[in-house]
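Note that the chains take the letters A, B, C and D in the order they are written out, and that residue 1 is the start of every chain.
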Amino acid sequence: MCRWLAYTGSPVLLTDVLYTPVHSLIDQSLHSELGAETTNGDGFGVGWYDTTPAPGVFRSIEPAWNDQNLHELAGHVRSHLFFAHIRAAIGSPVQQSNCHPFRHGRWLWMHNGFIGGFAAVKRDLVLAVDEALYPEIKGGTDTETLFYLALSFGLEHDPPGAVAQAIGFVEACGRQRGVEYPFQGTIATSDGESLWAFRYSSEGKSRSLFFTRDVRRLRQQYPDREILREVSDDTRLVVSEPIGDLPGAWVEMPEAHYGVVTKGGDQLMPFAPQPPPKAP
Amino acid sequence: MCRWLAYTGSPVLLTDVLYTPVHSLIDQSLHSELGAETTNGDGFGVGWYDTTPAPGVFRSIEPAWNDQNLHELAGHVRSHLFFAHIRAAIGSPVQQSNCHPFRHGRWLWMHNGFIGGFAAVKRDLVLAVDEALYPEIKGGTDTETLFYLALSFGLEHDPPGAVAQAIGFVEACGRQRGVEYPFQGTIATSDGESLWAFRYSSEGKSRSLFFTRDVRRLRQQYPDREILREVSDDTRLVVSEPIGDLPGAWVEMPEAHYGVVTKGGDQLMPFAPQPPPKAP
Amino acid sequence: MCRWLAYTGSPVLLTDVLYTPVHSLIDQSLHSELGAETTNGDGFGVGWYDTTPAPGVFRSIEPAWNDQNLHELAGHVRSHLFFAHIRAAIGSPVQQSNCHPFRHGRWLWMHNGFIGGFAAVKRDLVLAVDEALYPEIKGGTDTETLFYLALSFGLEHDPPGAVAQAIGFVEACGRQRGVEYPFQGTIATSDGESLWAFRYSSEGKSRSLFFTRDVRRLRQQYPDREILREVSDDTRLVVSEPIGDLPGAWVEMPEAHYGVVTKGGDQLMPFAPQPPPKAP
Amino acid sequence: MCRWLAYTGSPVLLTDVLYTPVHSLIDQSLHSELGAETTNGDGFGVGWYDTTPAPGVFRSIEPAWNDQNLHELAGHVRSHLFFAHIRAAIGSPVQQSNCHPFRHGRWLWMHNGFIGGFAAVKRDLVLAVDEALYPEIKGGTDTETLFYLALSFGLEHDPPGAVAQAIGFVEACGRQRGVEYPFQGTIATSDGESLWAFRYSSEGKSRSLFFTRDVRRLRQQYPDREILREVSDDTRLVVSEPIGDLPGAWVEMPEAHYGVVTKGGDQLMPFAPQPPPKAP
């Protein structure tokens, strides 16, 4: 439905990641190869961390491929951790408040996929959102609802646990309403220091997700690539669909797994939804 | 906060009502005189009835004063009953799904004013919306919430009763949350045949509302005005703020009253919110 | 680069032509099959004739496939002659003043293709536009420039002659600047009564163009199709790319030809640019 | 017609200048006090210099007061020299390519005012633009035309001389076409190192323009203001209309003068248009 990209590592100009590579995310807004839709033209967003407390978010309802302001921003903003998302809307209106990434405090959140039978379960899900968080919901997407569910389940303290409970709750509500496959997708979230990426679907056929191999290994493989010498050892990209022209640079995230990129080292772990005992 | 206009009578080109008169609604988007805000530049909308089953709705986030498409539409669309609204946003995002008028089936709905302490009471109100109607809510405004509350309370069968219960419910919820004046505003609604207009506020100092005197009396007063000879006897305009240059043409809707313009004749009646025994 | 559609015949709701058919123009905004680009998401426009003197024009920079206002307009506006255009921008900004169709008085104009080396020849072309018309140019596209050139060469009096001179002038200017193939494309223009459609390129490999067979013949071929019984004998569609599901309904416009649909009967004629003796 | 602001000095977050002060430029988009129009809601733009070769430019057709992306950008971008402009359109369409500031290489340009009788003289002016620069003109405003005229007259080498010739040429062309007062306005331009601001009108009644007093003097006057201790001695603001709450902080630019803020010190000089011997 959508395509996204998350970067963490040495500070770079956004344009070097979003526009420069072969088959870049901006190219994918017109010509995605692995997406459920080839065109992702229903708005876009970028979220980036810098020295200010909360991340910046720039979202627009124009297609990314021709957006002058995105082009300008990407050419002037540097960040060590940023998200970018291009949208193919399925049902909810094309409006800024429905564009990813979503933000709460220092947290960013984006998603490629959907909540099955969302019209039928939306009310159940929204009711389970913490009352204090409820007024912050500004749009109407399944993704934003899932974000506020995860926040209600403790995203800020235990991201994998909260996402497991949020998706578990989505599956429980969906099945109660007769939805066969209640959740589909890949998710990225961050607090500005660590980056979590999830791949899961009730059906067991999740949307594609890839991350870059260790930079040190890539340098050995491509000793002539200047970009690899410039970025730090801990630089990582996570993407819906590979970009660039370095065969062997990408590893597919396994089905029903999540990864975390953090200062203490990276981890790849199995993921399973965890039906909450009750609504939060 | 906003300005609106409702027309019912002989079919006219929208432009003759929206653009042509002195101090027209489009002028008021830049220079309102009676509004809480002088500028109403946060989007606009028109809704019009014709021979198709549901009314057409055209809404945009641009200011009305410079919108080329509104200008074109108004110059080519004729209608016997239409709504127009210009918005001054207070809190909720400037997006198409937050522009008035709102539509459900054959019903249109628009509002000038606000629900007091909306962030605090929104959840209570949304929960009271009929479950079958809930998925139709696309935006985040107080007005759309009130519309779906009124629909849940039976707007389609008894408009004054449903509006009285909806506002009564808003007042009850608001007071429970410590809101001194939970409702403020004027409302227009229609099913394409009759037009209802309400003026009420918890504080007893409601936003302004005016309707035109009987056309036959106006013809006597202004025998030279061609427009008055052209329109039918039952033509009526209801507006937040008078337009045109005919002194004596407008009557102020009294505080806490509502009017209905219908085939069986017009009526002006007192209005009082009616706290519902329980949520619908 | 773009896709377009022109309709003339019995008055119809725009939606019946723009949205209802299989592989409709709106579908083509996401998935064109014959276009130079598969996605035509850089804005759109419709222009329609009714009883008012000048045609209405509705243009937007959003992709057509998700535009609510286009959907509403098409469901409420009837016309006996209308144009629709979806844009894939090549160089000039995505802005309303660059969306087709263009209008001058009662005339509409739209185009699929390009002027080769436009940046190099634009100044020469714009200088040749009649001084009185020059201030009407609001955007920056090759198509609008060509329209004002054609108007300067007498479009309103002799459309085929004026278009031949305009394209002849474009070819002369282009070749002077070393452009190998100065013109490419298909053009539609109308005064609200007749419809002219041109297919020509300097290279001799013009963008595709199709028109519907005679309605009487189609009725014999498809006796069960209600729509064919409803429309008048003189109804015609001209399109960049066939729509609907009636094999045999479409005839390809031959290379370097133009057609005119008018009250006195239709004509198909060879087209050749005519280098003007001098700038107009 | 418009309002603008130019800042040069210590690097600051844009938000500290654009949003924080009392009666800020963003406030003026809704409620200007000295402008020809009280509302400046027809788009806006910011241009800022940083370490990349060309300045960044962010322009939008939404009103500035409610634009989320401007708010985000201003909260995350720091610059030592930036322009901001809010537009009240008079004639030319509300589109990104008509929003100020305009950019050519390292140069930015913005304007409050108008070229008198622009429709009548536009062709003469555009013809005088250097042929190599002509293809860069993307919009249709008088301001952009004036910018490219000034560039054609040597803006990059002698800004005051080029502006004098550009305005002189505008006056000459205007008078030839019977325009009584061919030019009105204030202009800011920069190459990223120095800042030039002009105030001039053919009528001798120019739009207002103000600049800040010397920071050292302001610190003596307001010893408690933290902001004054933070910014460097050479910090300057030039504005259409004073912002903030420091009486005595602003000096009005005299009629028919220009100022330059540069490393070698500031200068205030008389300005007079200089009719060029011939078109450039």
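FYI, a residue touches a chain if its C-beta (ideal position, glycine included) is under 8 Å from a C-beta of that chain, and two chains touch if they have at least 3 such contacts.
Computed from a prediction, not measured in an experiment: that's the story for all the values here.
K.L.:
Nearest 5 degrees, what's the C-alpha rotation angle taking subunit A to subunit B?
P.N.:
180
K.L.:
Please tell me the distance, in whole Å, between the geometric centres of subunit C and subunit D computed from their C-alpha atoms.
P.N.:
Whole-Å distance between the two chain centres: 41.
K.L.:
Which subunit A residues touch at least two other chains?
P.N.:
Within subunit A, the residues that touch at least two other chains are 68, 93, 96.
K.L.:
Which of line, ring, star, complete or other matches the graph of chains that touch?
P.N.:
Per interface graph, the chains form a complete graph.
K.L.:
Which residues of subunit C touch subunit A once you look at their complex with the stated criterion?
P.N.:
For this pair, the touching residues of subunit C are 30-31, 38-39, 41-42, 61-63, 66, 68, 89, 93-94.
K.L.:
Sort out for me which residues of subunit A touch subunit B in the complex.
P.N.:
Spelled out, the residues of subunit A in touch with subunit B are 92-93, 95-97, 119-120, 122-123, 126-127, 131, 134-135, 137-140.
K.L.:
State the interface residues of subunit B toward subunit C in the complex, per the touch definition above.
P.N.:
My answer: residues 13, 48, 50, 52, 56-60, 68-69, 72-73, 75-77, 96.
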